[in-house]
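Every chain is named by a letter (A, B and C) in the order it is written, and numbering of its residues begins at 1.
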Amino acid sequence: MSEDVVALSAAQAAERVRAGELSARELFEVYRDRSASDELGVYLWVAEEAPEVVSDAPLGGVPLAVKDLFCTKDVPSTSGSRILAGYTPPYTATAVENLVRAGAAMVGKTNMDEFAMGSSNENSAYGPVRNPWDTSRVPGGSSGGSAAAVAAGLAPWAIGTDTGGSIRQPAALCGIVGLKPTYGSVSRYGMIAFASSLDQCGPLTRDVTDAALLYRHMVGRDDCDSTSLQHPEEIRLPSSESLEGLRFGVPPALLGEGIEPGVREVFDATVARVEELGGLVEEVDLPSATHGLSAYYVIAPAEASANLARYDGVRYGLRSGNGDLTSMYEETRHDGFGAEVKRRIMIGTYALSSGYYDAYYGRAQRVRTKIAEDFREAFERVDLILTPTSPTVAFELGARTKDPLAMYMSDFLTVPMSLAGLPAISIPGGLSDGLPVGIQLAGPAFSENRIMEAAYALEQSIGFEGVPR
Amino acid sequence: MTDFEPVIGLEIHVQLKTRTKMFCGCELSFGAPPNTHTCPVCLGHPGTLPVTNAEAVHFGLMIAMALDCTVAPRSIFHRKNYFYPDLPKGYQISQYDIPLGREGRLGDVRIHRVHLEEDAAKLVHAGSSGRMHTAEASVVDFNRGGTPLVEIVSEPDIRTAHQAGDWLRLLRATLKRIGVSDVNMEEGSLRCDANISIRPAGDSNFGVKTELKNMNSFRFIERGIEAEVARQESILRDGGQVVQETLHFDPSTGAITSLRSKEEAHDYRYFPEPDLVPIAPTEAMLERAREALPELPAARAERFERDLGLTAGTAKLLAFRGELGDFFEDALGADGQVEPATLANWVTVELVPRLGDADPQESKVEPRALARLVELVSAKTISQSAGKTVLDVLAAEGGDPERIVQERSLAMAGGDELEGIVERALEANPKAVEELKGGKAKAIGAIVGFAMRETKGRADGGEVNRIVREKLGL
Amino acid sequence: MIDREQVLHVAKLARLRLSEEEVERMSEELSTILEHVERINELDLEGVEPTSHVIDVENVLRPDEPRPCLPREVALANAPDATDEGFRVPSPGG
């Protein structure tokens, strides 16, 4: 029975529970037991008991894995950092609350790159996560735990966060669906901040329908987040089988060197498939997008350097030092932060410091304006933009840890949408040497319905099979 | 020897009297037990976000308007980054290059800017009893953390310590009048720093300035500025140079000490606060702020002087203590007969000493009663001194002045009663009578004194004089 | 090029003690990263306004209405060093 249950998509499982054909408790226990025997390093915390769920709730008590970056009341929330070891927040993130209210049952908290800084999940203070397709490889990051959990059937679905690609890239590397929604459409309240003007949470799921269902119950304007917005559309479950009349833009600027041949192959095949399904493909110019990564690596670290200043050993988390104030600050932060976090705090502090602000932060914000304008112009001509999600498939553990810049390149294709606050989805497009390749579909702000309809049509046509089990 | 001219600018922090904090729903508290008015937001917990208090913005707009500032069509918040245990997020949310208001004026001093920000928490020294530390320890109380603040920065238009004190009094009266703050310096709801430099008189360049921090009374501010100006003068006269630094004035010793920051010069790394959106006051917000502004003290003092003929000092006294001005105007309106200047004197000279700092509206003295009392004195129905007795009674028990006069027989002595008394006075003072007849007018004093004693102050000197002259045929 | 002195200065601003080895590595890595970042200088940004926010809303304000505060023991529960009343820290300048 347990394997049958695990084979169900989250939406299917929810339907069965709501129809009285499946017990939410049993479903929870199946996943809890699987989670407890997790060998991929996916979970940092697993629930012991199934929470009480109203059985006719829309999400039917289907278990949910939650990235450890979300604050969950009285449940450890570490953001993958040693500096928050043992921290149990006094409140719960709005997105999690919304989902729980809709009937989701939190089964565990997932591993991640520390403070969401990373593209391989190797920056977690609590050990790496392994890719279920090949355990010698990384799952991507920073939502690596959530992506691997869904891919490995350790959770029916999960939520993660995406600042420069942290949902889409691990979804791509793990062969699942990951949606980075429009900035502001889901409340950030309770998401441990990395880069506030970019952070956005979204679903990581086995298929597009699950993504739509989960996202539907995450959205909403929140009084606790000044930057949250009401989504102008009801989120629909996608049903379209055709791409008739949809215009797709392919940006050559982003498809130059650095894209692995195997990835390029799957992408080209996808472009052909789009046309087969009735879509119109044309080239679009995104002249500034190639500078996205540079701008991103100023803006995100700058905001992070301030967001991470609160970890000072006073109110929560780790405290080190020899008893004087300066040493409390410097030692706590020395002991509590990992190498990548320190690196970004240093870049960000430098970029904001006196004499450098205009050259770095000021310029980066202007590049951001240019990138947003590029997209605006592009979306006057096309409905969606199509790219690979990641330039490469999942790489070996340790392959890029010595070379930060090479690691940063993982986000080359996802960062431009983040800077413009636009929604984008990654769906599995096929395999390259037995490893999944993700395809990214991006649209204008609040075009999630359009994106997911198109993604669904492609998904049906591609017929991607998950991790061989 | 060169004469030096001080150049002084003030920076004032005003705690706003909203119900809740600047960016979270915690109720403001004064004197509540430590750390009982906190929430995840004002404790800076991971994942929390600020949401701006509408009333704080409203109060900020009122202040900007009261200080005649140009209100920014669109202002934004910045993060000011520094580490201190009373700063939970590691940055203070404040306004930087686009403040709520700029280029204003109050009295003879121009306003540079008015901006919104959040207050820090309170650090209380706790001695060396810490469990973990042998070193000195402090305890942080986050109740105050996040209290809405408005910072007001003046242009360096002030030239003397006295002018600084006067101007600050006007500012305080203005803020109090518009009802946005308790403006209590001792409790810290009004805090003042002064930027001070000196230059050779007539010079138009500025000298090197120092910043004198956190003086918590008007007297200390004036004394502190005087001391700092003197210090700078003596440095320059000795051929030295003033160093730009932050200073502390110790009012008990008069000493000025440097608050040396251990770190290199501050680098606050300001950048736009991504968790908040711009404030772009709508016409409705501006209208609401405009309508909430009462007549301001400076304008009121001017009106009292111009329209009611009060002296400048009295007008200021009444206008700068709004509650006195209100009482005065209520009394004036309650009795159309009373002469404004006389009434104003009764309020400032007689009523204030009887009530101290208390609000007269909350005392037992009705505005109408005081007006009536002044009227009785002016009409010579009672004497000046009887009037004071009546006011004593009013202050202690309240009531109606005419009834008090009646009950206590305080009405001016007159008619047969006063004639009889004068006759007895003349009999008792033959020497004075002689002198009067001899043309020595001063001698009347003895007669009047007698009459006053006999009537317990109810006699009118002028009337006594008239009767004496009549009786002696002078 | 970010030299050792700059690394130490920035680390000081960020209240981050770096080990000797971290200082060395940081100097190298930051230089490489910033070199890459400086490619944004290739773009003509004349007259381009900075974007600090992609969302276009203003005046998100909260009514001045009190919300429940945390019980003190909850507020202090996560503190590494607390008294019954507050968060204990080393005294500034102490």
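As a convention for this text, contacts are C-beta pairs under 8 Å (C-beta built on N, C-alpha and C of every residue); 3 or more make two chains touch, one makes a residue touch a chain.
Just so we're clear, the structure is a prediction, and the values are computed from it rather than from any experiment.
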Measuring between Cα centroids, what's the chain most distant from subunit C?
B
Larger contact count among A-B and B-C belongs to B-C
What's the distance between the Cα centroids of subunit A and subunit C, rounded to whole Å?
22
Report the inter-centroid distance (CA atoms only) between subunit A and subunit B in whole Å.
57
What is the distance in Å between the mean C-alpha positions of subunit B and subunit C?
40
Residue numbers of subunit C (touch at least two other chains):
13, 15, 52-53, 55, 57, 60, 62, 70, 75, 81, 87, 89-94
Numbers and ranges of subunit B residues touching at least 2 other chains:
40, 43, 51-52, 83, 85, 132-133, 135, 140, 262, 267, 269, 271, 274, 276-277
Quick check: what residues of subunit A touch more than one other chain, meaning two or more?
87, 90, 197, 223, 226-227, 305, 309, 312, 314-316, 323-326, 329, 349, 353
If we count contacts the way the header does, which residues on subunit B are in touch with subunit C in the complex?
18-20, 24-27, 33-40, 43, 51-57, 74, 76, 83-85, 123-126, 130-133, 135-142, 262-264, 267, 269, 271-272, 274, 276-282, 285
Touching residues of subunit B toward subunit A in the complex: what are they?
40, 43-52, 79, 81, 83, 85, 88-91, 132-135, 140, 262, 267, 269-271, 274-277
Subunit B touches which residues of subunit C in the complex?
9, 12-13, 15, 52-53, 55, 57-70, 72, 75-76, 81, 83, 85-94
Residues of subunit C that touch subunit A when the two form their complex
2, 6-7, 10-11, 13-19, 22, 26, 29-30, 32-34, 36-43, 45, 48-55, 57, 60, 62, 70, 74-75, 77-81, 87, 89-94
Using the touch rule from the top, collect the residues of subunit A that touch subunit B in their complex.
70-71, 77, 79, 84, 87, 89-91, 93, 188-193, 195-197, 223-227, 302-303, 305-306, 308-310, 312, 314-316, 323-326, 329, 349, 352-354, 357, 361
